[in-house]
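You will see two complexes here that share chain A, one where it goes with chain B and one where it goes with chain C.
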Partner chain A sequence: MTTEAVLKDVYESEELLTGTDAVAQAVRLADVDVFSAYPIRPYTGVMDRLAKFIADGKFDAEYIIADGEHSQFEIAKHASSVGARAFAGSSGTGWLYATEALAATATDRLPVLALVGNRALDDPGAFGVEHNDAMLVRDLGWLIVWASTAQEALDTTLIGYRVAEDPKVRMPCAVAMDGGYLTHSQHMVKIPTKEAVKRFLPPYDLGKRRLHPDNPISIAPQVNEDWGMEIRRQNWEAAKRAVGVIRKAYDEFESIFHAGYPNPFFEEFMTSDADTIIVGMGTVSAAAKTAVRQMRKKGDKVGYIKLRWFRPFPSEELRKALSRASHLGVIDRDFAHGGPDDAGVLFTDISSALYRAKSRPPVIDFIAGLAGREVSIEDVIAMFRKVEKAEEADVVNWVRVREKSNRGSQGNSSGGKSD
Partner chain B sequence: MTTEEKMEEFKGANLYSNVHKIDLPEFYTSGHRTCQGCESALVMRDFIKAAGPRTVVTGATGCMYVANTSYMTTPWVVPWMHTQLGGGGSSAVGMAAGLRALMRKGKIPKENINVINFSGDLGGGDMGIGGVSMALQTDYNLLVIMYDNESAANTDIQATNMTPWGAQTTFSPTGTKERIMHKRWKKNVAAMLAVGHPNCKYVATACATFPPMDYMNKVKKALSIGGPTFIHTLDPCPKGWDYHPRYSGDLGQLAVKTGVFPLYEIVRGEVRYTYDAAAKKRVPVREYLEKQGRFSHFKEEDYDFFQQRVDEMWEEWEVPGIAPIRGALKLRK
Partner chain C sequence: MTTVEAPLKNVDVDEEPIKRFEVNYRGIFQKTLAYRITKDLVYIAHSDGKTAFSNGRYSDDPQRNGVPCANFAFFSDGLSEEELEAIASAKMDIDRADIVAVLDDTMVKGLEPWGHYGIRPINEKVVPGGTLLVISRRPPEDLVQFLEKKPFTYNLAILPGEASFAGLWYYRDDNTDVRVLGAVARISPEIISLDKAIAYVRKTYKNDEKVKALEDAYNSTKLSVVSANDGIVWPHRKPVLPAWNEFDEGIVVKAAPREFKMGPRGLGRNLDYKRGTSKTQRPVVRFDICTKCTLCWYECPDECFDPTPDGLYDVNYEYCTGCGRCAEVCPVNECIVMVDELNFKNDDSPWESFKKDPQSYTKMIEEKKGKGRMMPSHVTGKGESMSEVSKPVPFKVERGN
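Take a look at the complex of A and B:
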């Protein structure tokens, strides 16, 4: 029951915001206690905005300019350990510079939330989006979720805290977004009221694991073969439990904000009767949805799935949604050089999940949009055409890449030979 | 400054006036597995005794992590948390910031909680120096203690930049071609931090055993003065320095008396020697060096070189034993 009155009650305003601005609004609304900043494009706008909130007295938090990303994430981790809600973020190699702290935050089970403004990895110092940075922590016990609109970025940040801090989960959460395409693009965003956010997001409570003189525990004493495996098992169980917690969090988010996320894990666009489905993450969905609409007009039964939650990976849900199709494609804005079938990371995960499906449609991979290169509507249409004949196609198809055969031109080569 | 003034300055610190006044409760107790004669363990025990139980502690990776805190056998009575090797400064900042935010917002009761990080020489002086520097630029009340046993003592005694010139370590073994492998002079961490962080009100060096109470009182001063502070301790290490554990106390004392390890505090920019090796007759460095197996390959020329460098520290440096700058006074004349 979405009435104007109900929405008036939970939203304070609607503003034109970039993706990073939207996250800054969510951090303010979540009453974050500590945030630590270090500059790197393209995530850094969130810190610029938060600093201004502090300067203008709109946000009460401890704000620390760190000396590097490692310190930045150590600060967030330890603030979290004393019971403070903590926020940090980074991009590209900055995120990698923090890796040691990122790993320990996950194994310490501290629910720090981070914005990853996806950026290509050095060299060659490109600012453009690639997903490999956030994916670096995919096996470490981080929750990873991709937002692809500014509204989704705001909502997902609130949901991210709620899931991460749930006593059944207590894992750090990376909210990822495409550098440039979302960090720097503006959308109209509904900004919730503080009161409504309070109803959705309970105070952060570490319970017995909060470090304080009244609770003199030791966190992370050194462990070897005696207990290390049990600790890993606990992390594994938390990641499994996160699936249910995510579902519940979205249900409640829906009941308060009527935001329209029928499926928390991924958005299905015209897939109910689709024969051919492409799966991707991030802002490529804009081009993909338009491509689907255009092809639908011509009678092509195509659909698109925009994956949000990458960790925990919604294997069961994806199996259900994907095994209905007759042909599948995956768009990887990442690479996994020398990996299985020389395909991308998302393709490998989806193929792995599909292996257990009763019906396994043929699936091919598209490596596209690396280092921020555009993926156009025409590109996606060409991908769909190829997926329709997946049996005859190469497993891995590089899109819009200059190849030896057409060196010097930057034409659409998604129809050309790959590898 | 007179003695009375000095006592007045740290009135709130409840300094120990004699050894009988030292508090009896222990907050670093059984459960650790440090070596016999481990002075770093004493550094742990004494700082938390001086700080008391309303304290949170982070310990960077190092021997005082691995040997101290085996799972299920923690010796820490106070809340303690591991931090990464280079995370010393930033871990303290994170905790101090978290506590301050929670208190300001009324989420936890307001009180003075000490935040202390300890990092070894490898963690605090090498890898984590950036984070320590950042911590000393903040306005949080915190103390970073760099416990310096002059090697990576947990991983096989590898050289760090705090390892003294010429010492044998597994990274700097003596050989048939190179007698001296470690050719770096010990990094001057405390003075570097004092010089580089004008708002930091308290930087000190200390030795846990000499002079008695000096170290514990420095911890008390650091915690009471406000803002971020730093203490560098020199910890004789029987395993790394190769001597019988019974000599730990003697070696600490000799390091100070030979002038190899200058003992001082810099309070709001003012230097105070807590053992003035320039004024007192310095013991020859040989007496300190030859008691340690790590210098057993030294020849006369090596002792001479070492002595000459220490002499320079005390006789030629503009701020003796602290600032390796020469000639500034001459220039002014």
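Take a look at the complex of A and C:
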């Protein structure tokens, strides 16, 4: 069978969808049983779309509107414990309000899938993208993956369930995506058939851990110093096993959908012979890859790595890919005030992983795009120029922060909300 | 300004093979309509082998009634979607557009979508040789008097019609969606061709009426060229954004002045966000017949009425959102009437104008009011309806002295 014929078989249509629409499609296709909801931009788009699916008779699920995010994620956790495939989602401080439930979902090892529409924390009402919200669960036993296109959002939601529910893993999974730039932007997305999804994603089965009158168990009794350490050790083992499960899930996704994810953990763009590499996550990759294309035309040996899986952090794979380069840069759409070198979270993780590498190229950090500020192609080109001379550069570089007021720079029709 | 058959070509010295489309619409009321338009444009461009995508201005969401909002769509003949996204859509708002469409002509007076940005000209983003497309029943001169002067020429396209409310929650179709597609095909075949637009509408809606509406809009869109320096010097201040070390820490901003004195603009109000551009109609007051009952002042949700020394209530149109509550509660026939915002050139105090010359003020507003009146349901008892007044309520001489 030709590839085209295969694709005809596994995709039902191609539609113009926002990032949140794409996730809603995946939730429908994964035949989620329980969806708990509480509105907050930019996640809310999923709520709207799923409500419409149910109203139109295209989707059958329990749609529970909670009184706040804390209850919302408690509902998802409990639904998951009785064997229902559960979906929830939030953004920014809404996600943080659920933190107690989020922590317990991870320790209880319940494979809830959550969309985190990345949103700033929380200068009054700030809604632009920042990655700190999703990163707040980075140490708790959540799988965290970033999608950076609408198609990837749909695919990653399906893959996320497959990985999270695998008996070797059973960890909750956060699918993160940039608020605004992905959640509210409409792109053409291929929508798989339900049959093809069924082949990829087996039914959710919690086995003997399923809470049911026929299976009398109690989940999560009081834990003290006599048990806590062993439980953490178990959970660490699951997090380590997740690496292999992720690899296998992408292999099978590839064999059914031919979606083009040769490396599950990160996408390497023109890195094979690159001297200078920048690493980033999320939609900044569009500007970064375009910058690489433009610079390559002029003979610059530059490359970009788009990190998808942030937890488990692909230390070994990244070490291999990055230690080949002579200079490295990291784009952090997050901040970590007062942390090591006052750098961002991603930079700190990557630096830490590189410390064990035999060859350690100099690496510098760019704090960029906070609260939804733009990161342009020109910005990334300027970053590459700085990385090429990383030895002389500051460790941490804030990009496009207003160092001067725009007073006096206003001509006639100077443009929109420019800075 | 001259009327033309074919639009002036885009003379922007722009090497990017990209077309940018912006549609400005009234928040909530026209939301679904605006989304349909950008979505259909993208589908049609795709059917023509182009790369295209669309997005909404993220900062507009969640939308407030009537507050100006915008959607965008981007088109390219050779770029990949990723490149198009990187070039055209790295920002929450765009800074230029080949076509700026306007679904409600009262928005030509300016837009204030967000605090701290002031009132911006509707043609701010139009590129040299680009097009401002307005749905309106007005002649081009009526619209140009509100536009900011540009140092270059561009097109003004008028699609004859009224501001459509087809996109209010549910979709009550009045063909405005396909009519805008027809106008775009006329203005810029590079974005969508008429043939592809017809084919798409026929296939999607399976309704000849929609195809006819599209073709009609293509033919009836009126084009004229706006010359450099047509329009006005923009009267509103442009925003100043301070450097990171030029404002107080802890996200502290100055409160609106808490002050009150008798007379026009006597109440302390927020200087950074006025919301007046949300209105399509303004309340016009016949001070000569007002009974000073206080209801307009009391009921106004935006505190737009200023008490005056003679016991009347002035209106601050800069802050009025045109909700119509005052006209609804006013117990005096013809005392407060909502009138098309485009009939007025400025936001000057109506009370001051009345005091200066009561008779000519009254004559002036009666002319602007015209004859048609919307009767609210609590008056008719049977829902809203339109009625006509045969002649204005006579001027009450004693108040005028």
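Here is the rule we use: the second predicted complex is superposed on the first by the 401 of 419 C-alpha atoms of A that agree within 3 Å, B and C clash if a C-alpha of one lies under 4 Å from a C-alpha of the other, contacts with A are read in each partner's own complex, and residues count from 1 in each chain.
In this section, a residue touches a chain if its C-beta (ideal position, glycine included) is under 8 Å from a C-beta of that chain, and two chains touch if they have at least 3 such contacts.
From a predicted model like this one, the values you see are computed outputs, not experimental measurements.
In the superposed model, A:M229 makes contact with neither chain B nor chain C. Looking at the shared chain after the overlay, A:H187 reaches chain C, while chain B stays out of its contact range. Looking at the shared chain after the overlay, A:A55 reaches neither chain B nor chain C. Of the two partner chains, chain C is the only one that A:A286 touches; chain B does not reach it. Applying the stated contact rule after C-alpha superposition, one finds that A:V375 touches chain C and leaves chain B untouched.
In the superposed model, A:P124 makes contact with chain C only, not with chain B. Of the two partner chains, chain B is the only one that A:V82 touches; chain C does not reach it.
Overlaid on A, the two complexes show chain B and chain C touching no common residue of chain A.
By the touch criterion stated above, chain C contacts chain A in their complex at residues 38-39, 42-43, 46, 53-56, 58-59, 61-62, 81-83, 85-87, 89-96, 114, 117, 120-121, 123-125, 148-151, 238-244, 246, 251. Chain contact summary for the complex, chain B toward chain A: residues 53-56, 58, 65-66, 69-74, 76-84, 86-87, 89-95, 97-102, 104-105, 107-108, 113, 130-131, 133-134, 138.
Of all residues in chain A, those touching chain B in their complex are 31, 33-34, 36, 60-62, 64, 66-68, 70-72, 74-84, 86, 100-101, 104, 203, 211-213, 215-223, 226-227.
Chain A makes touch with chain C in their complex at residues 16, 18, 41-42, 123-124, 127-128, 149, 179-181, 184-188, 283, 286-287, 289-291, 293, 372, 374-377, 401-407, 410, 412-419.
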